[in-house]
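Pasting in a structure now, in structure tokens, and then I'll have a few things to ask.
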Amino acid sequence: MLQARVIGNVWATRRLEELPSGAFLEVEVVGSGARLVAFDILGSGVGEIVLVATGSVAAAWFPGKPPPLDALIIGSIDPASTA
Amino acid sequence: MLQARVIGNVWATRRLEELPSGAFLEVEVVGSGARLVAFDILGSGVGEIVLVATGSVAAAWFPGKPPPLDALIIGSIDPASTA
Amino acid sequence: MLQARVIGNVWATRRLEELPSGAFLEVEVVGSGARLVAFDILGSGVGEIVLVATGSVAAAWFPGKPPPLDALIIGSIDPASTA
Amino acid sequence: MLQARVIGNVWATRRLEELPSGAFLEVEVVGSGARLVAFDILGSGVGEIVLVATGSVAAAWFPGKPPPLDALIIGSIDPASTA
Amino acid sequence: MLQARVIGNVWATRRLEELPSGAFLEVEVVGSGARLVAFDILGSGVGEIVLVATGSVAAAWFPGKPPPLDALIIGSIDPASTA
């Protein structure tokens, strides 16, 4: 998993119909600064540090046929967590 | 997912017969500048900023036996979307 | 697999409910210095050099529906192991 | 998918018995210059620009139990294709 | 697949019990110099150039429930092979 900071929302009005309910959040990986877009169902906010799982496990979390999503926020990291 | 700009079409007349209908689009990842080819069924155009899912989730979206595709455009990002 | 050194724990009180029992450990890949968060059920400690499997195989290890985890510590490397 | 130029053949006489018929081709990714070995069943030749799918979708293309192959040439890019 | 040179053995006495029989070998990717640990059942030796498949296809090769392994040596490259 990656630790990343939420940067903002990404809106895609025109998109595949099979996508589940939730938000697309742009996140920046802590350390490398790489950016990606992760799907969020936890209501994460801008500035929050989150844990992102990538690859097919992100899609497999959803019930039924897996949606075409390759990054999912699985948790919010507690402030001053790493120790 | 990756945010990427559509650069152009890629044509492959000689190819595996099992590929579904749609377009191969060359895209450039916003930020890193990395280029990849994503499959598109949304009719995305050159210059458009799109959301690309990579890996096996791209193939699993298709009905039946998954085609050998590892990148799928899942949406078109609204102009001035990130906020 | 990656060889990585355990750097510390990562706590995520607010998280998806489906996550199994175990610890989130921040690890640093030997050589590249890249950091990621791996799931641990072996009780690995800070400073230990571990072997990390990434991708869907990490999730497939768990019984039942695979959890959304993309990195799993599969072993602890014996001191002075590489030879 | 990646656009890559075929560099040459790779021969592996001693190998897992479960590998299907076809060729291992060394390819160089256009742009990044990264090299990988892709499996080919299209008869691609040295110098040709091809489209390579990576990851488990490459293996899933084969009938029956998926072979341990993580890169497959899925098409040959038409000369002067990108536009 | 990656072409890589075998650097040495990695021993992990304390590890998940579900791992199959075989060796963990540290390998260095030809060209990039990146290092990873691949599982080997071919008896590959130090200095040998091998072909490594990564990701879930490495695990899917094994019979039964896939083990948490993400890199498998699938062949030994013949000396002076690339041409």
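First chain written, first letter: the chains are A, B, C, D and E, and each begins at residue 1.
Keep in mind that, in the parts below, contacts are C-beta pairs under 8 Å (C-beta built on N, C-alpha and C of every residue); 3 or more make two chains touch, one makes a residue touch a chain.
Computed from a predicted model, the values in this text were never measured in an experiment.
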Key: Those chains which touch chain E and also touch chain C   = none
Key: chain B to chain C, fewest steps along touching chains   = 2
Inquiry  = Could you classify the chain A-chain B contact as same or different, where same means more than half of all interface residue numbers appear on both copies?
reply    = different
Remark   = CA centroids of chain D and chain E: separation to the nearest Å works out as 19
Distance from the mean Cα position of chain D to that of chain C, given in whole angstrom = 31
Ask   = Where in chain B do residues touch two or more other chains at once?
value = 55-56, 58
Key: Round-the-ring chain order [start: chain A; next: chain B]   = A, B, D, E, C
Task = Flag every residue of chain C that touches chain E in the complex, lowest number first.
result = 1-3, 30-32, 41-42, 51, 53-58, 60-61, 72, 74-78, 81-83
Remark   = Per the touch rule, the chain C residues reaching chain A in their complex are 7-16, 18-19, 24, 26, 34-39, 55-56, 58-59, 65-71
